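Heads up, there are several structures right after this.
Look for chain A in each of the two complexes below; its partner is chain B in the first and chain C in the second.
Let's turn to the complex of A and B:
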């Protein structure tokens, strides 16, 4: 029997990593740093979660470790793009590659296994059967809107993504705000990792969700709430495949078709909407002080 | 303008012996100037004379190599814009420093936000800004995206930013370059009001009429040095121009009488739609041989699209573009060049030149298909170099050789090079977009002469410009572009800047 409540909850859970990832993207790109490294940050976070949780026998330590791992990479991305003015996409790609190797290396060093860790039993508590972290991202999106619109920090972060030279001419410390945006992006990527599959780390387990996050962010036109809603569209599309056997009109559709549905959806959505989005004006632009 | 009363008070700003060296260039060489309270001090000079550099030093964006800055008699070290602001110094840059996507209010408070525990107190900010707007009669809607404002209001927002921060010294870098005559009048009213309140204003410009109208004192800078300072009462246009250039400048260029001939370019009811917006809306115009047709208008009213429809970069959505009697709607830019189109593009760095490539290549781009430059795909560098040398010599391009990349030239010389290239291939229709933008007086005069020369030789010239003086000097007829339409056409005899300005801002006939 198709249980609508169970479907809604599972969808909420499935959407969580992509939704947090999309918020991670929003923070970084609002400050003007293109962050395709979310995939790598998320992957590193998943390993750090399991490592921290097992080492300290605590899921909270797992979350903190996940954030730590992702933030370390985000700082690396910040140093490369902000301090050393490396092209944002190049740095992001390098970090994604680094994350794949780093997690395998650490897994080998710490657990003696390269492609997976032992099962971790210190996982976040469940509420109505799903990871408790899956209940917070919508509120976090609303909080983010409030931060962007109503706080000094938000105003300055936005100004750095739109026109860093303008912000600089008013005495705003552009470098600091850009770092803040990227580091917060790392924090969110850590939460994305913690809400993926806390029971075990498996090599490359993020499987492109970081990129899907960016798609959701763009689809949501860099607005936190819309980005999260876009992530949920993808998340629920993916959830459909677990339920396809129970939904009468989906029973006869080939399973490969249903599995590819979220990705096809992402493609269609981006192809249809990409032209109409308004990214921050100076997104991905290298900022150098004293330039015109 | 009455002279400023001598006071015992220390001047608002004193710059003493400022020197700034960039690799290879002395931008400022031992410059000293003062600014008193309630004074408008104009800083004039050609492009690259060092005016903007000096002001960026005062505003803390550059560090001087030598020299001292005093504010109200006290020596200060200005290490950044925020330090300058704290000393009451504010600057409106030539390219506005507004942040798109933020509202007017957010733009004004950015960097000095009233906040409680990090949360913005917009109510207080609004009160304060509204008081400033009322005191100076400079209203702006605070809640719209600053991007959506016309340029004149954007500039007003820039000035409000400074007043909000309590600036006593206002630096305005080429403030009128982007304004219509009406907007300029508005700005001058504001500046006079600020002067009344005892603010000091440094006004950078190379429009001499305006300087004489608004300034109390004029300092002329040439090649990083001060060549003279004079009160406005002693200033004449010819005198300042001579000081700026270092030799007498002929201010009035004689316009040759030419008999106009056949129609060379015709646009018939041309409409261009982009993203559902009519960028061009039923444009009909003709340019005949021996004639310069000027297009006036506030930027963003369809100039870019008009140029591209003529050059072949865009195809009109409807209507007809004709060269002579031939419809060219479906022809790409190269094919149109083959029919005799020359094009001095709006952005010389992006479209006019391959900025990192040597001059001998840049000398033939657009005509590289000619047999003398390439045969069966093999380039003939010898002929390219010969052509480049001809352009450089004939059009007075100052360059060490034709082997250097285009970006080794100053802006004015880049522009002379492009003008020379386009003319030397003898086009029947020459499209000139903003031909003297960012070019100094000497080079401007030279380019004007070239365009008039083309007219004398029976060519047709379509001139698009934001500089009304330029349009009035050169054009035989002027069409005013407003929201993608030619709303009014003037002949040389009947036109005045005020009339053009009226239609540029959307005015209608009674």
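Let's turn to the complex of A and C:
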């Protein structure tokens, strides 16, 4: 019997990493820094979560560690793109490569196993059977909208993504705001990691969710709430997989194909989205103070 | 006269400075690696000797060259795209699907050898092109960034090849862990080039062992490199590609059809990407399996970056990455350093190359400005 209540909860949980990841993308790109490195940050976060949780026997330490790991990489991304003015996609790709090797290496050094860690029993508490972190991303999206529209920080961050030269001429410390955007992106990637699968770390367990987050962000047209809703669309599409045996029109579809459903959906959505997306004007643009 | 020669030698010095980022980045990354080796309680000198012993033996050299071939092709696919201002992160999915197409063409068609091998190669290229078609359309007509769409295509490719090999193209009867397509017909299998290559290398006192793949894909790699070099430097299309890559607005004013050029660039890149898996499919295993080596597309991206998208540079960068892979196994085998360290170090290497590149460029630019200031 198909239990709609269970399906809704399960989807909320499955959407969580992509939703937090999409918010991570929004913070970074609002400040004008393209962040493909979210995949790597999330992956590093998942390892750091398990490491922190096991080492301190506390899930809160796990979350803090996940944030720490992701933020360290985000700072690296910031140093490369903001201070050293490296192409954002190049830096992001390199960081993803780095994260893949680094997590395996650390797992080997700390737990003696390269592709997985021992099972972690210090997981975030469950509410109605799902990770408690899965209940906060919609509120966080609303909070983000408020920050972007109503606070001095948010307005300045946006100005740095839209027109850094203008912001600079008005005395905004553009570099500092861009760093803030990227670091907040790291914090959210850490939350994304904590909500994925806190029970164990497995090599490459993010499996493209960081990239899917960026697709959600674009689909949501860089608006925090819409990005989260897009992430939920993908998340619920993925959830169908667990319920395919109970849904009449999905029973005969092979599970390998259902697996790719969120990605196909993302492509269809992108294809149908007639060039309406509008990234921040100076997104991905290298800003150098005093140069135009 | 003497003023001119100093200006010339200064200019040459600037060029060398600007071009030295890959070497410096590599050295920096190696230095970091040795520090990490020291930190985890292994001796750096043992690590170096393990790498040298494992990489520069007869078998080591042979494997480095042989396994560089797919990397070189993947690097070329990325380099062409980069030159046209495209980030083809989808090489990964394109070669996966291309390899499946090649495997299917090799197993199910019955043709004479002189036709079958070209058909297998073309099937690979078409598979790669097919897999970049949608992102190319989305890029040109809908303005969807190719990084996002090609990454989605990678995920879909993974699932689709698994589905196809489990279902219609399953080559294993009954239950088996070794999921694969049927074996290629003998007519489709790549010939070995051991005799040809060894007749040359024997002059230098070296011979490739029989158990290392020295096959038709070596020729394909060479043709890909020569072809991309010729395309980019000697043809009108190549010029357009580079213009669009450098400045699409200026290219528009110069009368270039930017959309068409972007589309063509992506198709060429996809076609090259479709060749990456051929060595594995048509020579080494003689079937396609979803367990084919993954990640070559991303390594190809790194290779293109390291080579600054120069096709000739791609050869050296490809060999370097092949060497790094081998070095990783050497470390794993002879020391307590895990293989994965090399993976992390290659990521770091790309970062340090691009950062050092930026620093050197800025440094040289400042030197040039000073020079102009003095002359005025």
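As a working rule, the second predicted complex is superposed on the first by the 291 of 292 C-alpha atoms of A that agree within 3 Å, B and C clash if a C-alpha of one lies under 4 Å from a C-alpha of the other, contacts with A are read in each partner's own complex, and residues count from 1 in each chain.
Methods note: a residue touches a chain if its C-beta (ideal position, glycine included) is under 8 Å from a C-beta of that chain, and two chains touch if they have at least 3 such contacts.
Note that this is a predicted model, so its numbers are computed, not measured.
Between chain B and chain C, it is C that contacts the larger number of residues in chain A. Once the two complexes are overlaid on the shared chain, A:104 sits against chain C while remaining clear of chain B. Looking at the shared chain after the overlay, A:263 reaches chain C, while chain B stays out of its contact range.
By the touch criterion defined above, A:211 reaches chain C but does not reach chain B.
Once the two complexes are laid over each other on the shared chain, residue contacts for A:271 go to chain C alone; chain B is not touched. Contacts of A:163 after superposition: chain B is touched, whereas chain C is not reached.
When the shared chain is aligned, chain C comes close enough to touch A:90, but chain B does not. Contact with chain C, but none with chain B, is seen for A:254 once the two complexes are overlaid on the shared chain. The interface of chain A with chain B does not overlap its interface with chain C at any residue.
Partner chain A is touched in their complex by these residues of chain C: 40, 87, 89, 134, 137-138, 142-145, 147-149, 151-156, 158-160, 162-163, 166-167, 298, 301-302, 305, 338-348, 350-351, 354-355, 358-359. Those residues of chain B whose C-beta lies close enough to touch chain A in the complex are 59, 61-62, 80-82, 85, 91, 93, 95-102, 106, 109-113, 115, 118-120, 161. Listed in rising order, the residues of chain A touching chain C in the complex are 36, 76, 80, 84-87, 89-91, 93-102, 104-105, 108-109, 114, 208, 211-212, 214-215, 218, 254, 256-257, 259-260, 263-264, 266-267, 270-271, 273-275, 277. Residues 150-153, 155-156, 158-159, 162-163, 165-172, 278, 280-281, 290, 292 of chain A are the ones touching chain B in the complex.
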